[in-house]
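Presented below are the structures under discussion, each in the form of structure tokens.
One chain, chain A, appears in both complexes that follow, with chain B as partner in the first and chain C in the second.
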Partner chain A sequence: MVAGLAAPALIGAGGLSQPSADSRSRSTRRRQWVLVIDLRKCEGCVTTGKPPQCVEACNVEHFVPRGQEWIRVLEMKDLTGHTYFLPRPCMQCENAPCVRVCPVGASYHNEEGVVLIDHRRCIGCRLCMAACPYGARVFNWGQPENPPGALFADYRPEYPVPHLKGTVEKCMLCAHRTQNGKLPACAQACPMFAIYLGDLTEDVATNGKEVVQLSTFLAENHAFRLREELGTRPRVWYVPGHGQEYGRDVRDTRTPKKPRSWQELGATLENPHGGHQ
Partner chain B sequence: MSPTEHERLKALVFQPVIRSTPVYYLWLAFLLVVFGAGVLAYLNQLNRGLVVTGMRDAVVWGLYISNFVFFSGLSMAGTFISAILRITGAGWRRPLTRLAELSTVAALLMTALMPVVDMGRPDRILNLVRFGRLESPLLWDLMVIPTYLVASALYLYLFLIPDVAVLRDELKGRVSGLRRRLYSLLALGWRGLSEQRQSLEWAGTVMMLVVIPIGVATHSVVSWIFGMTFRVGWNSTIFAPYFVVGALYSGTALLITLMFIIRRLYHLEDYLTEQHFRYLGYLMAAFGMVYFYFTFAEYLTTGYKLGGEEKDLLEEVFFGRYSRLVWPGFLAGQVLPVLLAVHPRTRTIPVLFGASLLVNVGMWLKRFIIVVPSLAAPLLPAYGWGIYIPTLTEVAVTVGSFAGFALVITIFAKLFPIVSLWETEPERELMVETGGPSLMGGQDD
Partner chain C sequence: MIRKVFGLRLFAVFVTVLAVFWPGLPGPKQAAHADSPVKVRVEVTDVGFKPATVEVEQGQLVELTFVWAHQAYPGEEHIMVLEGYRLETEKINAGHREATIRFIADRSGTFTFKCDLDCELHQYLQNGVLKVRPGGGGGASRTPTVLRVTPSADTTDGKGVDLTVMLRDPSGGPVAKAEVKFYLETEFVGTKGLMEVGRVKTDDRGLAVWEYRPTVGQPEHRLTVRFEGMGIYDESQQTVIIRQVSTPPAAYVPAPVGFEKAPRLPATLARGAPDWAVSAWSWATNNWGPLTITTLVLGVWAAMARAVYEALRGLSGAETKPSHRR
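This part shows the complex of A and B:
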């Protein structure tokens, strides 16, 4: 199996706190990251009794400023009026409207196809926020709260800490984690294994539990992308569903709990996952 | 025009430059206070961040960007209208041109200010130069608006030279040495020689031809800030011409407003007659009707299909949250002024003044309706409508920017004649209209 060759590194590394030597040695390969979110497995964490774990993991991973959600669990209505849940990270569009309109090149694609923001260059004009058709971008309207010691952190667009006033923020597909062979925090934290990280160059994807051939998985499960008609070519795919794999009834009216901020979860720079894990 | 009449006109036009009344200083102080309040509000915003505004992640632009579009529209008043009237040889424009050109410069200064006020990181403004990307519509504005500002300032200055020379020659001993030196410097050694007149004529013609396309470009690139996105209501091919016509409408109305005020203050009743108001009123009505037509065409083609997000936007705008702004703005700003300007019973000076104010109130509302609802509209159904309520800071900065606009004109009026003396006197008029056809004026020459 072709996919099997690369997958163990991803799975193995995803569960470790340190990147494995194995994944490092492979990092010269230019990946082309995609996310696949299997909505059949996403029940908005309503059956777990917890707030959406992807959002909370994201909050502590990035010390996401209060009031922002880089990945947001949307409550969608299907055509029959029933609900399903759709986690919405940044779509990492190949034809990204935000990158196109940025006047200073602060929004850009890295070599792995991830849309990053250089917060040291952003002028805060918010043209990218007007241009993003997914509402994936958020803004530091005031001075965002940073964890103690963050001001001395080694800022890089792949790991934007500390957060800066007057700049635009968004999901950056955990570029700092994927570089080290780890799954994005949301995929890692999803108790239902609904989020797969895929690589277009190897045509493989994994949720940390199983490995699938990306193209086959997308084709066989009628995968779709959000607002496909706009031609933005998102790198985030969805498999339609309503959490049925975990027994969620489509008529279930329960809604997700409000995710807690990193402060509430007690995250610090030394112990990013706080008392939570 | 007889020599005595010349002296009378000169006295009228130059009097405010030589001597100022207490009312002038009171007005100046008032403007400074209001402008200062805006500056203070902005400093607070600078310190605490844009969190002091009502803008949030859904509605990312508000009053500031509305003002930006509005002021850019006002800037059309001048140069473009004045250039068009010059080029078509409309003689009745003569007492107006200076004022029109000045209001362009004043409006453009505020146009340029607004995006800076709106920036999250104004301290990084030079990044636009260091890292500027031509692909971004913002860069188009950055290139065009300063060009328009410089061209308009030059245009204003060129036709000011002969009048500055008069100030230089006649105000000896009556103004401070500093001001005399300023006049002498700005007059560029103007003696009214025929070569000088020829040079001025040539330069004026060139600037006239340059300024018109720059004006069109300005309003186009302002519209493309919005038009280059996928937002419902903005994603429209009509936006550039729509904004150009809106600016012409707004600009002509501003001209009528200013003309009324100047006429009163300077006692220019003999020079700015009801005919001037009527002609400008006709122009305003014509632009208003084209604007109405564009509005109609834009909403009909999206509204007819009653589909998807466009239906939701139109419902929200015309019957929902924004209807309280839209209908008064539409009726009072687009329908009523046009009717008032064309009806024989109402096209009088005071009524036209009122109509011109209505137009710009309506156009300001229209700008707000262009900017905000499209941002508030949900990008995905799950988001729901965004809410935007401007804060006191934004109101203070907005009011301050209007004071700033008036301040530029007020201070200019103290230094230079706001009515062009040499152009208002037909005998000394030497250029441009001699050969050209007259648009609709001419009989008052």
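This part shows the complex of A and C:
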């Protein structure tokens, strides 16, 4: 009875539905997802007066435990001391150190190249956290707060609800959304259209506003990857910039507001986006 | 009365003549007729452009001529580009001293012209400025163009299709050095749009060939080929449709890193082996971590058990020794 109530709610949250026919009918080939973050468009949501919308959207989409941020908007300084903002999700490395070190095979790549965690296998050894050069993983030291009804949900690594104590968590590129032909929550919520979801197989990417040829977009805009020299082959590219497309000055000293948790935003399984706009 | 009118007319003619022939007034600033271009000559010297700034009014037809005028650098070669208007000249050097670009200054603002080659005087030839004042009296109109695209095939099985582009003006003359862009109408993750998939420049005959290599899997590849206008030419476009008969190959295949797949059972052992054995091997290699830990733990326990057993056996042996003597 309870599970029956919980399942439709989770489907509404975009959590447990199967890949739609539409997302697969066009091509039988497997997607190979990537993210491209255009830093020319990212200004940390400072001009909007709101906290970073990508972080808040992620918080409510996954009911991210309080105190964690699966995508973080880092304030960086260039060589001249000027600032820019760098959203940092999991890099979904092709040669992922976290996958290599996991002693129980809990971290793995799915067929679309996304690094997932099977929390039923995770033993909480945190070797993966030590191995990750990007600091993209977080640990549930205590029992995280789950939304009502989540305990009866049918857990999937693509949408790890409920969250479990003693396990490692991270961004999984909204695998439950991309499988259904949707943008990840962060890309969907970005008011500046700075986050592109791309597919290496079809060489195409979109930010929800325009469609670009991925390889050309990366090459023409001098895209780079973080700590590429480590050989991890990250699947997140950055186009260098400092929010100039929206008029942000490099001397702007304003910093992003603190993102609100899903509890503060009032998200529930029935109303996953709560008050988040 | 008649004298007064005649006097005014005479004065107007005098002022006009003065304005036209006064040496202090530079030529490019004059208002030009729609059909008569404003001709500007810019010398490319050893110390830069002369003049370095050219001013015209919006809507004027402009003929900008670059003149090779080096003294100390006889080997210099240049190709001048006018950014913003996407125009470039032919190569100029000691043998071919002049090159002209014609365009309608339809956009106001400040645009740079510079040398696009890696020449000796490169840094001196990066600061030419074209100022187009807004408004103006120029009413020059662009020449229409005709774009014709011919694909080498109507279908694709994933291999490339050559698209031959021909760009002409209404009189049939070629439009050379024109950039033509190719857009694919596609949908990705719910977003529909025109995706730029390539660009090419026409040659002196107004021709260009570009190979379309499909990467997106969709039944119909609707390509919009567009010339966005350049210089004195107006924009034009054409759409071609190429049907897909089989899925194109993946644009990217991840290179192996060594741990993607479990090692397979060697062929010699797999031959004739039951399915359960192959499955067990696969499971074991996929779960080498827990297996190793379990083996280690069991090994330690076995060693401890053995040690305890030996100790107990030793103790019991010591007690039973006297009974053997009996």
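Just so it is clear, the second predicted complex is superposed on the first by the 251 of 277 C-alpha atoms of A that agree within 3 Å, B and C clash if a C-alpha of one lies under 4 Å from a C-alpha of the other, contacts with A are read in each partner's own complex, and residues count from 1 in each chain.
Assume a residue touches a chain if its C-beta (ideal position, glycine included) is under 8 Å from a C-beta of that chain, and two chains touch if they have at least 3 such contacts.
Since we're looking at a predicted model, the values are computed, not measured.
Novice: Looking at the superposed three-chain arrangement on chain A, would you call chain B and chain C a clash or a fit?
Specialist: With chain A aligned, chain B runs into chain C, so clash.
Novice: Is A:Thr206 touching the first partner chain B, the second partner chain C, both, or neither of them?
Specialist: second
Novice: For A:Trp262 in the superposed arrangement: first (chain B), second (chain C), both or neither?
Specialist: In the superposition, A:Trp262 touches no partner, neither chain B nor chain C.
Novice: So, A:Trp70: does it touch chain B (first), chain C (second), both, or neither?
Specialist: A:Trp70 contacts neither chain B nor chain C.
Novice: Would you check which partner chain A:Arg29 touches, where first means chain B only, second means chain C only, and both and neither mean what they say?
Specialist: Touch partner of A:Arg29: chain C, not chain B.
Novice: Can A:Trp237 be said to touch chain B (first), chain C (second), both, or neither?
Specialist: Touch status of A:Trp237: no partner.
Novice: Figure out whether A:Tyr84 sits in contact with chain B (first) or chain C (second), or with both, or with neither.
Specialist: A:Tyr84: touches no partner chain.
Novice: In the overlaid three-chain picture, which partner chain does A:Cys125 touch, first (chain B) or second (chain C), both, or neither?
Specialist: first
Novice: Determine, under the contact definition given at the top, whether A:Val104 touches first (chain B), second (chain C), both, or neither.
Specialist: It touches chain B and chain C both.
Novice: Where on chain A do chain B and chain C both make contact?
Specialist: On chain A, the residues that contact chain B in one structure and chain C in the other are 100, 102-105.
Novice: Would you pull the chain B residues touching chain A in the complex into a rising list?
Specialist: 48-51, 53, 55-58, 60-61, 115, 118-122, 124-125, 127-128, 130-133, 135-139, 142, 225-226, 228-231, 375, 379-383
Novice: Can you check the complex and tell me which residues of chain A touch chain C?
Specialist: Contacts found on chain A: 26-29, 32, 94-95, 99-100, 102-105, 109, 113, 178, 181-183, 197, 199-213, 215-216, 233.
Novice: For the complex, which residues does chain A have touching chain B?
Specialist: 68, 74-77, 86, 88, 97, 100-106, 121-127, 129-135, 137-143, 165-168, 226-227, 230
Novice: Can you check the complex and tell me which residues of chain C touch chain A?
Specialist: For this pair, the touching residues of chain C are 186-197, 215-218, 247, 250-252, 254-255, 257, 259-260, 286-287, 289-290, 292-293.
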